[in-house]
Amino acid sequence: MKSEKKQSILSIRKLNAWYGDRQILINLSFEVQRRQVTALIGPSNSGKSTLVRCLNRLNDFTLNFRFTGEILFKGRDLYASMVDATEVRMQIGMVFRKPIPFRCSIYENVAYGPRISGVNTSVRLDAIVEKSLRRVGLWDEVEPILDGTPDELSIGQQQRLCIARALAVEPDILIFDEPCGELDPMETPKVEALVRNLKADYTLIFVTNKRRQAARVSDFAGFLYCGELIEFGATEKLFTNPQDIRTEQYVTGKLG
Amino acid sequence: MAAKNYNIETENLNLWYGDFQALIDVNVKILAGEITSLIGPSGCGKSTLLRCFNRVNERYGNVTTKGKIQVLGKNIYDADVSLPELRKTVGMVFQRPNPLPISVYENILFGLRIHSPLRSLTRAESDAIVEEALTSVFLWDALKDKLKVRATSLQLEQQQKLCIARLLPLKPQIILMDEPCSALDAKGTLAVEELMSYLAGTYTFLIVTHNMAQARRVSSECIFMFLGELIEHRNTQALFETPHNSKTADYVQMRYA
Amino acid sequence: MDKSKIVFHSIALITLVVVFLFFWYLIENTHTEIGQQPTANSQQPTADSHLYLLLPISLLAILLGVACAFYLEERLPPTNWFRRLIESEVAIFTGIPSLLYGLLAVEIFVSYTLGSSGQGWGVLFYAEVLTFIVLVMPLTIRTTQAALRSVATPIRESAYALGASQWQVLSNQVVPLAFPGILAGCCRAMSRALAAAALLMGIHTWGYTHETAISAGIHSRYVLLLVAALLFSTFFSFLKENPT
C-alpha cells in the first residue's frame, strides 16, 4: 500500500535498549506516519514507556541506560553528536501518565515552555496561552482562575492543562504515555476526543495498556510483548485480523 | 462436597484509616486450597482487606479495626494470638520482589532460622529444605549451581519466585499476594501464574490484582470490591460472565467487550 | 503560593536574621571587653577576637557547601568515583560531634598561644578556619543534597519534555521547590557552628585565665551561645516538619 499522502516523520531502526544488564527492547523497527495517531499497546512492563522515552531523548538522564540502533526524525539521526537534546524535546513533546503541573499559576504553567524558548512579550504569551488552552477545551473552565494554582483543578483538568502546556511549544510530535492511567471514567473520553482532534495538526504517539482505547483513538498500532514488537500495522487490521497468535490473544483479552 | 472448608472468615469487618473508612461491613469466607482473587478499582480496599489477614495493617499508625477475622478457626484479634506465629501461617508476597540482600540459600532458610532455636538445623537438613523449596517453585534447575549468589542479582521473575519459595519451609497454610506480577513482564507473569496453579491445593492463595485477565486465568473464586464494600463474591467464571450486581458488570465490561 | 509556605519561609528568614544579629552583638561586645584585658604578649590576639571570623567563615563554608552539593547531585552520576568519595567523607564528618571539633581546635589553639610567643598566630588562624569549614560544610552538603533529591523526578522530566535545558530545570523548578530544605540545612549547619563557637570560647578562655574569664562574664555569654544553638536547632526541627 503506497499512498501519496502517507509520509514517515519518525523511523525507528533496529532499536535495542538495556538498563544495566537487562534488555528492555529487542530489535524494534517501525515508522511513525505524519499527522496520524500511532498507538503502542502491550501488557505492563513490555517496554512501551522505555521506547517512547528514547524518542525524545528523555532516557539521556537515566542511569545505566544504553541502546543501539537508529532513530531518524525527518531523516536526521536524533542521537547524532551535533543534535541538541533540548531542541529535540521541544519538537517531540510528551504528556505523562500522572498530570504534574508545575508549582505556579495555571497561566505560568502554559507559558513556561514558550518562555524558556525565548518568547517574553506578554501580548504573545497571552495569545499562546489562550490558544493552547482553547485547543484542549479548558479555556472556558479556567479563564477566571488563570492566576490560581492548578491544585484546584480536577485530575482530568490537570491532565488537559499538561497537554496545553506541551502544545504551547508547538511540537511536531506529541507523545502520550498512558495519559488516562490516572483519570476516572468520566474524564477519559474527553482526553480521547482531544487526541483524535489534535491529529489534524500534530503527529501523535499514544501509549496505552487498554486495548479498546487504542482501537478507538489510533490509526496505526504496534503490539509490544516482552520488549519485542510482535506486530505493527493499521489499527483496524491489527485488531480484526492479527497475524500473530500472541497479538490475537492480547486483543481478545486472554493475554496480559 | 457437602461441607466446604473455609480458611478465612470475617464477620462485619470495618476498618478506618483515621476518619476514612476503608472497609465497610465486609463478610467473606475464603475457601481452603483454592485461589481467590480480589479485584476492583484502585482505592476500593482490596489491598487493605488482604493486609488484615496477617495484621500488617496495624503497622501503619492510625488504623482502627472492628469486627471479627477468623483464620483457620481462630480469631486473630484474640489476646493470646502471637503475631510471629500468625505471619508464619499466613505468608505474604509483595508487589516488588523483595528478597533479602543475602545468598539464595540463606534467603530460603531465613524464615526457618528465626523461628527455630539456634543451630538446630544440620547442614544436610538445610540442604534438603532448600532443594525442596526451590524445586516446588521450579527454580531448582536454574539455581542449583547459584545457591551462593546474592538473591538481589537474580532476574525479577526468579526473585519473585524465590520470595514465594522462602515462605514454604515455614509450612504456611495461606499465602497472600499483593499484585505479585505488577513488576514483571508478560512472560514472568505467566510463569508466576503457572506456579500458583501448581501450588494451589497445598496452599490457599489470596491474590490482589488490577489485571482482570489474570484474575480470570488464575483464580477459581473472585471477589469484586468497590469503595470499601464487598460487592460480589462468586466463582470466577460466573462473576465475569453473568455478574449479578450492576457495579460488577460495569467494572468487568469497562475493560472487556 | 500557599500560606504555610510563606509562614515557614518567614520563620526561617527571621531566625537567620535574629541569629546573625545576636552573633554580631556578641562579637562586638566580646571584642571590646576582652581586648582590654592584659595578656602576656600584647601582639597576641585575644581568644575572642577570633570570633569575628566565625561569621564570614561560616557563611563562606555554607555557600561552598551548597555549591558543592549542587555539583555532586546535579552534575555527577551516583556511580561517579569522586561523588562516592566525597559522599562517604561527608557521612563520616557529619557523624563527628561538634564537641570533638571544638576540642581539636582548642588543642591546637591553646598549645600554640601558650607554647610560643606570638609566632603561632598564622598557623593558628588557618587551623581555626579549617576547623570551621570542616565543621559546617559536610552538614550543608548533606542536607542540600537531600533537599535536591526530594524534588520528584516527574517534575524534572515534565520540564525537560518541554525543551528546558538542565540549567533552566534547575533554576526554574528544582531550586524553588528545594529552597526551604536548603535553608533548613543552612540553619542546621549554623547552629552547629554556634555550638562549636560556644565550646571554643568557653574552653579556650579558660586556658588563659581561669578567674578573669569567669569574672569578666564570659561564662554567661558562653551559656547564652549554647542557648542560642539550642533555640536554633528547635527552629530547625520546625522547618523540617514543613512538607515541601
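To keep things simple, chains are lettered A, B and C as they appear, and every chain counts its residues starting from 1.
Everything that follows uses one rule, which is that a contact is a pair of C-beta atoms (placed from the backbone, for glycine too) under 8 Å apart; a residue touches a chain by one contact, two chains touch by 3 or more.
Since the structure is predicted, the reported quantities are computational estimates derived from the model, not experimental observations.
A.B. asks: Quick one: which pair of chains has the most contacts?
C.D. replies: If you count contacting C-beta pairs, the leading pair is A-C.
A.B. asks: Could you work out which chain's C-alpha centre is the most distant one from the centre of chain C?
C.D. replies: Greatest centre separation from chain C goes to chain B.
A.B. asks: For chain B versus chain C, what separation do you get between their C-alpha means, in angstrom?
C.D. replies: 51
A.B. asks: Measuring from the mean C-alpha position of chain A to the mean C-alpha position of chain B, what distance in angstrom results?
C.D. replies: Whole-Å distance between the two chain centres: 36.
A.B. asks: CA centre of chain A versus CA centre of chain C: separation in Å?
C.D. replies: The answer is 47 Å.
A.B. asks: I need the residues of chain B touching at least two other chains; which ones are they?
C.D. replies: If we look for residues of chain B contacting two or more partner chains, we find none.
A.B. asks: Along chain A, where are the residues that touch chain B in the complex?
C.D. replies: Touching chain B: residues 22, 42-47, 185, 210, 212, 225-227, 253-256 of chain A.
A.B. asks: Which residues of chain C touch chain A in their complex?
C.D. replies: For chain C paired with chain A, touching residues are 2, 77-79, 152, 154-165, 168, 172-173, 176-177.
A.B. asks: Under the definition above, what is the set of chain B residues touching chain A in their complex?
C.D. replies: Counting only chain B, the residues touching chain A are 155, 182-189, 211-213, 217, 254-257.
A.B. asks: For chain A, which residues are in contact with chain C within the complex?
C.D. replies: 56, 58, 61, 63, 86-87, 89-91, 93-94, 96, 98, 100, 102-103, 112-113, 116-117, 149, 162, 165-166, 169
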